[in-house]
Amino acid sequence: MENQLLTIITMLPLVGAAALALMGRGERSNENALRWTALLFSTATFAISLALPLTTDLKTFETNVPWISAFNLGVRYHVAVDGLSLWLVMLTTFLVPLALVSSWRSVTYRQREFLITLLALETGMIGVFVSMDMFLFYVFWEVMLVPMYLLIGIWGGERRVYASIKFVIYTVVGSLLMLAGIIALYYVHGHATGNYTFDIAVITDHMRSASFLSLSEQRWLFWAFAIAFLIKVPLFPFHTWLPDAHVEAPTAGSVLLAGVLLKMGTYGLMRFNLPLFPLAARHYAAFISALAVVGIIYGALVAMVQPDLKKLVAYSSVSHLGFVVLGIFSFTDEGMQGALYQMLNHGVSTGALFIIVGMIYERRHTRLIAEFGGLASVMPVYSTLFLVVTLSSIALPLLNGFVGEFLILVGTFTSPVLPNAKLFASFASIGMILSAVYMLWMYQRVIFGEVRNPENLKLKDLNGRERFVLAPIIVLIVLMGIYPSMFLNRSAEAISAIRSRVGLPGPPVVQNNGDQPPARLPFNSASQIPKEP
Amino acid sequence: MEKALFIIFAVIAVASALNILLQRNPMYSALSLIGTLVSLSALYIMLRAQFIAAIQIVVYAGAIMVLFVFVIMLLNTPREQSNVDKQKWLRALAIPFAGLLLAEASYVVWRVPARTMPPIDSSGSGIGTTYSVGTKLFTDYLLPFEVTSVLILMAIVGAMVLARRQDD
Amino acid sequence: MIPLSWYLGLSALLFTIGAVGVFIKRNAITIFLCIELMLNAVNLTFVSLSGYFGDMGGQLFVFIVMTVAAAEAAVGLAIIISIFRNRESLNVDDADAMKL
Amino acid sequence: MQTTTLEIGIDYQAVLPETITASVAIIIMMVDAISRRMERRVAGTLSLAGLIAAGAAVINLRDRSGETSFMGMIITDNFRLFFAMIFLLVAFLIVLISQRWIEEEELPIGEYFALLMFATTGMLFMSAANDLVMIFLGLEITSISTYVLCGYRRRDARSNESAMKYFILGSFSTAFLLYGIAFVYGASFNPAASPVATTNLQLLKERIASGPLYSQELLFAGAAMMIVGFGFKVATAPFHIWSPDVYEGAPTPVTALLSTGSKAAAFAAFARVFVLTFAMAPLAAAAGGSVLPALQSLSTSALAVMAMLTMTIGNLAAIAQTNIKRMLAYSSIAHAGYALVGIVALDWRSLAFYMLSYVVINIGAFAIVEVMARRGDKRTEIADYAGIGFQSLGLATALSLFMLSLAGLPPTAGFMAKFLVFKSAWVAGSAGHNGLLHLVVVVGVINSAISWYYYLRVVVAMFFREPATGFTRPTLAKSMVGALALTVLGTFYLGLMPDRVLAVLENARDQIVAVAK
Amino acid sequence: MSPSTNLAAIILAPLAGAIVLGLFGKRMGERAIGVIACSTVAASALLSFYAFFTHLHALEAGERISAPLFTWVKAGSFRADVSLLLDPLSGIYILFITFIGFWIHVFATGYMRGDSGYWRFFAYLNLFMFAMLVLVLADNFLLMFVGWEGVGLCSYLLIGYYFTKDFANDAAKKAFIVNRVGDFGFALGVMLLFLKSGSVFFFTDGSRGVTGAFDWALMQTADPLTASAIFAGGITTIAVLLFVGACGKSAQIPLFVWLPDAMAGPTPVSALIHAATMVTAGVYMVSRASWIYVKAPSAMMIVAIIGAATALFAATIAIAQWDIKKVLAYSTISQLGYMFLACGVGAFGAGIFHVFTHAFFKALLFLGAGSVIVGMHHVQEMQRMGGLKKYMPWTFRTMAVGWLAIAGFPLLSGFFSKDEILFKTLTSDAFEGVHLLPKVLWVVGAGTALLTAVYMTRLMVLTFWGKERFSENGASHADHGSEHSHHAAPSRESPPSMVVPLVVLAVGAITAGWVGVPEGLSGGHVRNYFEHFLRPAIAERGQAADAADASVPVRETFRDAESVEPPFKKRDVVNENHDIEIALTVVSSVIAIGGLVIGWIWFRRKPLWQPPRLLEEKYHVDEAYDAAIVEPIKQGSSSLLWKIIDIRIIDGAVNGAAALAASVGGVIRHLQSGLARSYVAMVVFGALLIIGYFVIR
């Protein structure tokens, strides 16, 4: 039973959605039952997923059965977690219940469908992270679009149609190119090895043992995958869908969009682009890092002048995710670990920020910064929690953001692959200054000062439910800042495996790491190789 | 001799065909088409397709064209009632399109290797006779032949359904 | 002996005339006549090839084509009648209710 | 081949499916003639029974592998059987979605179902054909019956117009097809062989592959003209031009038939000629002579360009549409483009799967359009769909599913189909070092992305817009519910568990294998 | 108590206080809050003293007491632990931080009485103590950075404590952001150090398997004194980058602008954070990294020049300010400049010594000012004070001590430290080849000392002597006609909770200097205990190079600094210079007393003398920054980046592509004329193309 655990985690929310769909259609009192059912399922998912980090050997969760074997397709239902995906799965299962609770009362229109959509989204998101088969990955990758699209489109703000379509089209353009890339990779790999498969682990292993891709093939495939991921990240200049989507999305949508969806892009880079196309990755590292640095500064500067809270947070995401990309393309253990860690941090902190923005939006039905001011006097608890999250977002040491950001910067600074690595890191560090500027300025305008708008005088401070939503996030923010080893240790092996792949076939990437044996993906994929077409 | 006949019938065929286009009255166009059909029938005989030539006259020029004439008269259109021509520019296309199509076809035809007709089979069962057509029709072409019956039946049903009076 | 290409050329000429007729004539019946002309042009090709090859296949094909032409004529004329009843016009340029 | 004696083994079994459908058509006419109007709805039931029987007859043929019957006129192989099942499925679904409709519209019932059965017969022959004459006949049966069906709502000027446009353009393109057949016939002449000239596809293939040919030019020109003919029937650019008008004007169930059944049949014939006859087995070395490779490369590049053009035109024009039927017409053009990629890749299996998926999804979509349109095709503007999402949740969800599936959302049939086609094209391009095929795939995926836009517009209208006034929830007939259930399940089944269907396709022992041996 | 528990308890006690107050303080009474806040700091102070004095001998012997707690961050070869380090340098720091911190806490319980955010204030203050202690006790740069940013945060929170006041919020934000600019340099410096040395730990610790960056630095040969070394990415670059960080935290040119504004916070905050402790963190860090600086003469020169320049610059501004706290703020900047001057000339010990003494007298002065402000009902403009001597005698007396101490009046604490710095400056040999520089620096330092005495005298005179100007309008001080409605009449002396700390600190201000009496004053007979004590923790020029040259095992060299007299050239120089030192002591005494006299005479006569506008308006530095940096960035971001690049160009391209597709669709649509004949023509056209292609190939 245990090796079906991932399937259960992935599918449980969907089962919940089905249950919601089938639940009796009664009067209004029914809505509470719906909410509690949804919460029950998502919390159960989280509870079950706790088994993942508590188990030492992640291999036990692997499931690998044929799915479509006709046409010699070799599509498999292969789900597994490794150090790379473990925490992202956890992040997802952690955030969904919170997102649910955060919109406990705010969504009144079509409650049932809203909850179904949210749960379906969870399945899609988890699926992306656990898929170890490119085909399966692609399926989840696309599936997840639809609920998000509906979330924005049905429960969104005024320009929801524009925003939702923009979100979908942007993503689809990228992901279909990735589909072409998947097909091409599938063929090239199958042709070279005789083993036609979509299995990521198998292909990655082959890629490591004998590079079957020429440099030019790698370059083409690299971009086919990278564009999809970079749009999702979103890296400058592919980012313009993000502010629109965020502004229009309902709170729960924004939380998951920022918290999880964006991570899929960076996850994809680490899962596919680096280990599969190491030469191309090295070749384009400088270019992408440059874009990342531009994104860091650009996102921060534009965030600074946003009049809308959600837009500000959205642009700050552009900036933060720029750090992640920078870390990934530093090809150092430090940078990549930092990137992974920063993904989690961003998920937690920015998720929290959106929840926080949602809380005042619920009260005031506006998100314009100018409408607020002086909330510290009327909502002290809110202000305090907001402050902690703000500080986490600007990477204050002992809160989560710092560890990730600093590791990324260290990694970039010491990167042996990037030309002018120090320059990259220096410019990226400017983002550290700017993040303080825009976050604190925003915080000041919203929270500090006199209450100038009489509307704000009657605002109520957070109620128990709202405190309950933020409490686990705050705890996590502090925990992750003080004791990151808990998280970093689990991912170290997987990260250095990827890093060592990018290192191939050149010299070892990090000076101090030469003595380590190259680590492998923690999947036993060798057994599948002998299959003849 | 043969060439002269060919040229005569070919000229009639082409002239009648052009006349279809030149006539404004569909009735005259229909009659012109009959001219083409008849001259083609003559050519068929020269090509040793006596049976086909016969049904060309009987079925085509006879039955089908009569149907046309009936319909033209039924719809009582001595002239084109509506003179709207929304696409005069199409006429301008006629010459270049015709020229190009003809050029392409002629090029193909030009490249077809020369060939003389095979000598006439003395047994009388050569191609084009009723016997040989019949034999072929009920052996190799049995299925198509049977299928045409389905086709005809269907056409009858279809025509009935569409042309029935409205208040039926 | 008449060269094969003469027949084929004649057929091509008739086909072309028919094709051009279809798009320069406006009367639905005349258009239909032009289509019949095209079919006849094809028939000529079949018959001439058949004759020069000494092969029956072409003639049989022509036989089938004629049947089809008959069926088509029946249905086509029915359609024309049906449209005439609704519009009182045979001009195909009148029929542009659906476009873009 | 024995041509001199009259002893021809008549293999009734081989044409049993076609016989059944044609007979059912005739029976329906007879029943219709002798029964009163109230009893006429039995026609639909009869059709369904006939289709099921025909299906059984098709399955009965499953053990045959490439055997020809009726002096080589038809062939029984997996290709035929698979496509036959698609046509029967199409007809089955169309009958289901038409039953209530035809009564409400007060149109002649018996003739409708009879014509539908005839059309099905024609399609069945097209997939079974092993001779150009059979292809021609099948095509004409299908076409002529659909000409009539398009104009079936006789009092509606749009329906008339649709029928007339379809008829004029259809017969015009048939003339091209026929001319092409004549040329090919001429090209096949070989005085040493018997018969000296042929329209039999197997013989044609042998002659083209091994030579000598009478005239290469005739062959190429003939092939080109056949592309025009088939291209018209499947609606690929630039011969797609008829389809939006015809689809819009035709009664909705007929539109469904046109965009699925006759398109699939035309693709079957197209593939029969251009994949199984005018091309080498994929990845096989040239058997000798250079004509076949030359022809193949010519048609590959021409069709590749057509495919790209078709999907681009279809998708871009669809963006600008406001009428859902017309939008689906353009979408159908775009899908013809994707499916054509299967022919370009010389992979009829993925084409067949594509057609199967497309048929299921598209009939589902048209079924809902029909339900929404009500009597006389009144509500077919996309604006009419505004806000119905939560008023008629089931239908709206199903329509959204079909739209997304058409757009290629995994794990639905639409994605699987597109994936297989693109995969084939990519593999063929890589194996044959043909960059054009790679380009086709890239253009294809970009087009898929574009298509999301207009497919989502329907979803947007239904779920994101304020409800339009005057909408009442439509009631669904049982048969319609059945059709929708079938299509929804099919959409998921083909997307999630395509293994079975693919295995059926894969085990095909088809002509290619036969010839290669 | 094991060293680990002891050190951990030192930092955790205030943290515990902060947490308790933060979570439950809202429901507590002021007394309880005060008790918790003060007692945790007191505990920390006692523990610090305990730790310091139990390990005194070890420390004197150059040992380092380290307390590893847990591995904090480990990724790849990067590692940083949460581990504490007690050595002479951090020992001195924790002593005065906790000691002064405690008394300021006590003072604040009185100062903040009745404030609605009482609990919040003390939570922040306790948190600050925690962060500051982490900063000084950290044994690696990353943990130091934790404290570094932590004190910044607390500074932010406390400056913006009166959050309804916009100027306070602006000041808080400004402080944080300017500090971030400094941190930017600091972080880069640490990264570069990591890149070069492979470690961010200060010292090697074999038991944990860490190598020390300073041990690496020790092995390096010194960079030459050239400008190019600054940008070479070597040890000089590291030093310069770290100094950027120090500039931010310690308010040096060009990052000093936040400190004057930071006076928006409550006065105890100014005393604790912006005078005694946090702002000296930069000096601490530079001294801590002296191992690096001694290898980077160019960086040293920059430090010295910036320090001297800041000292003079800030002093000139201080002379022209009217706000009592602003005067003290600029004075602080000026004194910090002094400390950096010391570091820059290689006299790290003297710098730290000045930090030590300055902590006492500047805290004293600020608290005194706070007492005055409370007495004046929160009036801070000195135009509206005067003659307070008789209302607030104890405040006056203690402040007078501070005044004399900072002015360098002989035998008070400031006298010794300042004197030491000036002497070390003049005799410095840090800048080989630039012989004139030490002399110039000395002149600047001496001038600053004079100015210091003058402006402090001005402050005292304006506040405590002369006419009582309580009713005068601050803005138009010379205009008697406009009678201001509200009178800020002074009340009685402040409560004991405020006065006692003043007295304690006054004692400190007098005596603190006695632990480090310059050797020269006794002719070399009495050792400068302070400097000597610090020596193991601080590198000196030449030391390491010798070590490297001689291939002597590194550790021994400085461990046994006391027993084995290493061949310090500098020491010889010092010995020879005792005479000079005595002479200089005389000179500086003269300067101090002269300054006091000048100030006294001048300002007794013209208390409201109008200083030059340029000085009063602080050289318009803020305005210049605004115009040159802040506004362009804001405007550029808003109008160029957002509204043009983002919306017009990128989104424009995206929407444009969509519009293009739609319009192409529209064009294609128009092929569909609805007329069957044109369709036929199109089919013919297509047929012509395809047939043509097939036929002609």
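List of remarks:
For clarity, chains are labelled A, B, C, D and E in written order, and residue numbers in each chain start from 1.
The rule is simple: contacts are C-beta pairs under 8 Å (C-beta built on N, C-alpha and C of every residue); 3 or more make two chains touch, one makes a residue touch a chain.
These figures come from a predicted structure and were not determined experimentally.
Shared contact partners of chain D and chain E are A, B, C. Counting steps between touching chains, the shortest path from chain A to chain B takes 2.
Among the other chains, the CA centroid farthest from that of chain E is the one of B.
The highest number of C-beta contact pairs joins the chains B-C.
Chain closest to the overall centre, judged by the mean of its C-alpha atoms against the mean of all protein C-alpha atoms: A. With centres set at the average Cα position, the gap from chain A to chain C is 64 Å. In whole angstrom, the spacing between the mean C-alpha positions of chain A and chain D is 43.
Mean C-alpha positions place chain C and chain E at a centre distance of 97 Å.
Averaging C-alpha coordinates per chain places the centre of chain C 25 Å away from that of chain D.
Along chain D, residues 133, 137, 140, 144, 147-148, 151, 154-155, 163-165, 168, 172, 183, 186, 217, 221, 244-245, 320, 453 each make contact with two or more other chains. Multi-chain contact residues of chain E (touching two or more other chains): 658, 669, 672-678, 680-681, 684-685, 687, 691, 695.
Residue positions 169 of chain A are each in touch with at least two other chains. Interchain contacts (touch definition given at top) occur between A-D, A-E, B-C, B-D, B-E, C-D, C-E, D-E.
Listing the residues of chain B that touch chain C in their complex gives 2-3, 6, 10, 13-14, 17-18, 20-21, 23, 26, 29-30, 33, 36-37, 40, 43-44, 46-49, 51-52, 55-56, 59-60, 63-64, 67-68, 71-72, 74-75, 77, 80-87, 90-91, 93-94, 97-98, 101-102, 105-106, 109-110, 112, 114-118, 126-128, 132-133, 136-137, 140-141, 144-145, 148, 151-152, 154-156, 158-163, 166.
Across the complex, chain D is touched by residues 15, 18-19, 22, 28, 31-32, 35, 38-39, 41-42, 45-46, 49-50, 53-58, 60-61, 64-65, 68, 71-72, 75-76, 78-80, 82-83, 85-87, 92, 95-100 of chain C. Across the complex, chain D is touched by residues 658, 661-662, 664-666, 668-669, 671-672, 674, 676, 679-680, 682-683, 685-687, 689-691, 693-695, 697 of chain E.
Of all the residues in chain B, the ones that touch chain D in their complex are 104-105, 107-108, 111-113, 135-136, 138-144, 147-148, 150-151, 153-155, 157-162, 164, 166.
Chain C contributes residues 19, 22-24, 26, 31, 92-93, 95-100 to its touches with chain E in the complex.
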